[in-house]
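In the two assemblies presented below, chain A is common to both, partnered first by chain B and then by chain C.
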Partner chain A sequence: MVRRVVEVLITLFLLTLLTYFFSSKMPGNEAALTCGFSGTKCLAYETKVLYLDHPFFARYFHWLSNLFSGTLGYSADPTQPITTLLARSYPVTLELVILSQIMAVVVSLPLAMWSSLRPNRIFDRLSTTASFAALSLPVFILGPLLRYVFTVKVSAFPGAGANLPSFWSHPISNLDVMFLPAITIAIPSIAVYQRLLRADMIATLEEDFIVMARAKGLTTWRILLRHALRPSTFTLLTVGGIQVGSLIVGAVIAENVFFLPGLGYQLNIAVAKADLPTIQIITIIVAVAFIVINRLIDALYAVIDPRVRRARTV
Partner chain B sequence: MPEPFDSDVAERTEQDLLGLTDLGRADAPELVGAQLGGTVAAELAADPTLRQAVSPALSGRKWYRGLGWGFWVAVGYVVAWILLAIFANLLPLDSPTQLYPDCFANAAPSSAHLLGCDPSGFDVFSRLIFGARVSLIVGFASIALSQIVGGTLGIVAGYFRGWFDDLMAVVSNVFLSFPSLVLGLLIVSYVGRSLFDIVMIIAIVAWPLLYRVVRSATIEYSQREYVLAAQALGCKRSRILWRILLPDVVPAAITYGLVGVALAIVGEGALSFLGQSVRAPTPTWGNMIALGSDTMPTYTSLLFAPAIAMFTFILAINFIGDRLRSLLDVREAVL
Partner chain C sequence: MSEIDRRTFLKGTAALGAAGASAVLLDACGGNGSTSPPPTLKKNVAEHVGVGVGKPKLGGSVTFGTEAEEAGIDPTYAHFDSTGVLYARAVYDPLAIVDFNGNVQPYLAESITPNSDYTKWVITLRPNIVFHDGTPLDQQALLFCMREFLISALTNFAFTNYMDVKNPNKAVTPGPGPLSVTLNMEQPWVPFEYWLAGYIGGQMAYVFSPTAYQSKGEAYFNTHPVGTGPFVFQQWVPGSHFSLTKNRHYWRKDRYGNRLPYVDSWTYKPIPDVDTRYSALESGEIQIMHTDYDPIIQQVIANSSLASLGDNSLSVGEPDIDFIMINVADKIMSDIDLRKALAYGTNQAAVCRDLGKNITTPTNGPFPAPSPFHSDTGYPQYDLAKAKSYFKAFLSRYGGKQPTITYTTTNTTQSQADASYMRAMWQAFGLNVQIAQVEQSSLIDDALQGGYQMFSWRQFANVNPDLNYIFWATTSGPINFARNYDPIIQKALDTARQSGDPSVRAAEYEKIAHRFAVDLPYIYTNRDVWYIAAQKSIQNWNNPTTPTGGRGLTMLSGIIWPTEIWVS
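On to the complex of A and B.
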């Protein structure tokens, strides 16, 4: 346990170091960026505040302590503190990711179960081929295509860039805007989950305890849901950690396809404007979230699989 | 199993042992087992599936059998795009970066412009062909680079283990704890956006994956009997590493390298889609798709042409990788 915590801490430290390294020497001095053309006095002040006349590691630790104390400063737009920017865009990304994962589970579970009941029959072949194709379809192609079909050809959903109301005040119109971006990143997830679950399910269904359950006369439904599903989710969970990374990448792209004002959209704007503080903070938030989710999935693994749990406590 | 094994094999093996020529790399896989005393050799000779498991790529049958026609179609398609990209200059195409005044009168597909024009007045068809260049160069060059760096580090870390392996675990974990595109966007603002820069960026993002593949394949193979035999016979470690382990690891590296090429092309496409890859007016499939997405209702072929090209290309590469993986029996668990 201690070892794991130390590992995470070292990773986090190096992660911030790497982020700072890649964003501190960017073309466009940080101070000049904040001051614009407002004169040398401001420049001198900013240089002092940002430690720009200090060596790299001094600057880095100064920046890190600011990060910890929550002094995030301003983005390239001086009227906008980064904290408000984050407070507005973070929920959008979170909702997008959660929604897409709900969709992915709801669709991929029945697909995989039906495929594994009759492997290599027509339905299995079709869905396996479809998921192989879906894995070769990048989000930045899938997104525009869905946008074309469902907002231009058939105006089933509001077009890209539609105003996004809060989920809590207007749930229906919020989901209306969110639906297409969410399905865009759900489709690659569905493909991954279908493949992994199907393979594990086929293996599980050949086990003795399933034969036993059949012999007892349990219905297929009950066998699938109560007996076969849980032992078939282990590979899915191990890969789930890696999957989170591509999910975040998908969210960044989908937000830019549909102009959703989430973290990924703001990140791309920041990169285009060379807006250092925003790039740094969004990169770190996303990477930290990625690490935390990974660790949570590891913990969940122990909850679901009693063998792992016992191995750890013994 | 006390079955006697082929005396011919035993003879060749003795020569092999005395001369220490290419230990464990013999072109007949049964030699590998024979060096350990023959029983394994007999088993290998008796059981063709076992023989394949020892050295799938080197077993007697023609390696390219059983790939199916789909594989060759996919290879042909990829090769066709590579040739188109290389010889784009020699083809009777319009320039991809020149404005055509007649485009403003008629942007629809016509005999002069097969796929029509984009809003700036560029010819879409020639941009599609020239756009393959960026994707292909970035895809193959960046993976070659990360294969060299990640592969070398991986085989060394996997064979020697110890502090170097621990250090590399930390370093590769840090790189892998960034979602790939986010790391790419971070570095792109630091490094720049020339073609060379983009290749470097994708390589920086991709090397930890290939490092992991090669490292775990090395660990797996370095516990095989023929490696232990070589060690027992006093082979130098460098010899074991480069002459015995390296050829074993190559199939896994190549198969995952192909997956890597597809991922690298998608990664470059994502950067271009976000407008952070090679600068305009250089055509890339990614920035063409972005343009198609932005000008959607008016210009349809602008979206569909690059989207179909990129999708089919990635599909073909993934299909080749998938077939090779099942042929070479590289398990997905190696990651």
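On to the complex of A and C.
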């Protein structure tokens, strides 16, 4: 456990160092961004405040200490605290990603189970074809397509730029706005999960303990849900963790296509403005999310499979 | 090429000006219009579009989709482009308005009056108007605002050579009346009143609350504006929305006695991606939008469920021009052979056909026909052989190896496609450019700071070319984005500014256009066309009125007035 925590801390340290290093190589600097057209006095002041006249590591540790103390600084044009920006945009992206993954799991699981039960039959072939079609459709095509069909041609959902109410105060309206962006990200995930789970379940269903379960007269669905599903989810979990990166990319695209002011949308703006403080913080958040989720998945292996648990205790 | 960035940042305020018969001074008298007739006047081909039908309805809300987000809304600090002027017209009032015929009429001011030689301008405010914070719009407020504009690091350039920006107390003085201030010029400034109409470049037209400005600091005011305008600022979530509610104490009423504005709430949504913006309009999430992206304009025109109008049906003035702006102070770009190669190697007809969808037209300068300032400028016509020859001469100074040249545009997929098209066109004569994309407001910052080589740019729309003075003058420092400091241009600008004779003005502006064709700081691609597209329930979006009831100037550069729009 301690070893894992140390690993995570080292990873995080390297992550912040690399993020700061690469962003410091971008054109422009924070002082110029903050001051805009305010002149040299402002530039001199901000340069001092932001340690920009210090060597790289002094700047880095100054930035890191600010990061840990929650002093995240300001984004530029217009100047606003990054904490405000994050408080506004982070929940949007978090909800979008969670919702898309719920959709992906809810759809892919039954599809995969049914396909694995009767492999190479008509349903399996249809779902396989649909999966490949979904995989071959990039999000930047899928998003505008869904937007056009379901908000312009058929007014089934609110269009791009719809006001997004809080989920906690207006859950129905919120989900109404979120549905299309979420399904845009979910569709490729559905295809991936369906393909992986199907393959794993076909293998699992060949195992002796499944033959034994059948011999005991258990129903098909009971066998699938109670005995076959859990051992078939390892690959799914692993890929689910790795998928976090793709999901963030998907969120950046979906938020821009549907004009949702989440982290992805803000990141897009920040990159275009060379708004270094915002880019740094959002990069850190995404990377930390990636690390934490993958560590959680590591932990989940042990919960799902007693063999892993035993192996770790030995 | 549209949608290329261009934030015309401080671009000229509106209206045209100059005095017809020189010095016949219409002494004061509020509401009696500009002191000289406009030189440009052509028939509006679609006067009925965007004009409300029937009696106005009160209530409702409108969301306007804009092409970009602003970096601020403090008129002394933020650089307003088309979107900035839209924001400003909602929360502030300009001192003047340009009418349909191109004359300046007082707006927040009751009168705007020059002395006989145009070296003093007296602005007298309307009485009994208050800012949204309840403080009065009075002489002290106007004094404060005008002096802040004079000393602002940004807006002071607009007054350079003509007012003592280092001594604001001397340049702007109280009186002669209790609601008046006098602007003391150092030289005659005949069309000065056009700067008070609040178009791009004329930010000094927007009067703001000194109390709000000083109470929480300028940075706060930059995102929490307080003016006298038709709408009261509510919330600004940058990148998401800028929302306002009706000013229930607004000073203007319509001819039926209704207090303006008509709608209860007004929101701007910056949606840089034009496909997304148009989709939002089609699905009803926004009700009105502007664009100058020609493929979308094509769709807008074909969409019978929308009302739309372009500024190619302008009643007065010159439109925006799309061009490649060159930083002539850059070591590489200062090479005239390279600029000549670019000019000869840019096929405007092809650009208008392929990118402009034949909506846009070629241009040989900042004054396309039928402007009274239009002439044969001698601007290079497309000639690939000449382009190759000049490029070869340029390369010879670099040992035959081209140095890295970066062409910067805005951060939309449309701009990327347009930039790729231009790159391919220039490759025909041997030039290879790197394409960089930045957000539109950053583009202006970069232009100000001079850290660029080639920008895709859009600028110069105005009703009076004097409003482009700061962008072309040798004394404007960084506001002359191209850094093209040509003394002949400076002399012509001053002569035109100080003359009330239309023929003198025309000759001087022709001279300026000709010098641009020699200096080549701007590689023209086309005359730009802006469109407004609105759902049919949105009424009266192209029918602003002056306080005395006359018709105001219709849409220019995608800028309209929110005050008299209603929802049917």
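Definition applied: the second predicted complex is superposed on the first by the 310 of 314 C-alpha atoms of A that agree within 3 Å, B and C clash if a C-alpha of one lies under 4 Å from a C-alpha of the other, contacts with A are read in each partner's own complex, and residues count from 1 in each chain.
What we mean here is this: a residue touches a chain if its C-beta (ideal position, glycine included) is under 8 Å from a C-beta of that chain, and two chains touch if they have at least 3 such contacts.
Here the structure is a predicted model, which means the values were calculated and not measured.
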{"item": "Clash or fit (per the criteria above) of chain B with chain C on chain A", "value": "clash"}
{"item": "Touching partner for A:197 - first (chain B), second (chain C), both, neither", "value": "neither"}
{"item": "Which of chain B and chain C A:148 touches, first, second, both or neither", "value": "both"}
{"item": "Chain B versus chain C as contact partner of A:274, first or second or both or neither", "value": "both"}
{"item": "First, second, both or neither for A:88, with chain B first and chain C second", "value": "second"}
{"item": "Which of chain B and chain C A:257 touches, first, second, both or neither", "value": "both"}
{"item": "Partner chain(s) touched by A:137 [first = chain B, second = chain C, both, neither]", "value": "first"}
{"item": "Which partner reaches more residues of chain A (counting touched residues only), chain B or chain C", "value": "B"}
{"item": "Which of chain B and chain C A:248 touches, first, second, both or neither", "value": "first"}
{"item": "Which superposed partner A:162 touches (first chain B, second chain C, both, neither)", "value": "second"}
{"item": "Clash-bearing segment of chain C, relative to chain B, as chosen among 91-99, 361-369 or 415-423", "value": "415-423"}
{"item": "Interface residues of chain A shared between complexes with chain B and chain C", "value": "144, 147-148, 152, 256-257, 268, 271-272, 274"}
{"item": "Residues of chain B touching chain A in the complex", "value": "170-171, 173-183, 185-190, 262, 266, 269-270, 273-276, 286, 289-290, 292-293, 296-297, 300, 303, 307, 310-311, 314-315, 318-319, 322, 335"}
{"item": "Footprint of chain B on chain A - complex, ascending", "value": "10-11, 14-15, 18-19, 22-23, 25-26, 132-133, 135-141, 143-145, 147-148, 152, 242, 245-246, 248-249, 252-253, 256-257, 267-268, 271-272, 274, 279, 282-283, 286-287, 290-291, 294"}
{"item": "Residue ranges of chain A touching chain C (in the complex, touch as defined)", "value": "27, 32, 36-39, 76-80, 88, 144, 147-148, 151-152, 155, 158-162, 256-259, 261, 265-266, 268-269, 271-274"}
{"item": "Chain C residues within the chain A interface of the complex", "value": "63, 65, 69-73, 77-79, 153-154, 219, 222-223, 236-240, 269, 271, 273, 275-277, 279-280, 282-286, 410-411, 437-439, 441-442, 445, 448-449, 451"}
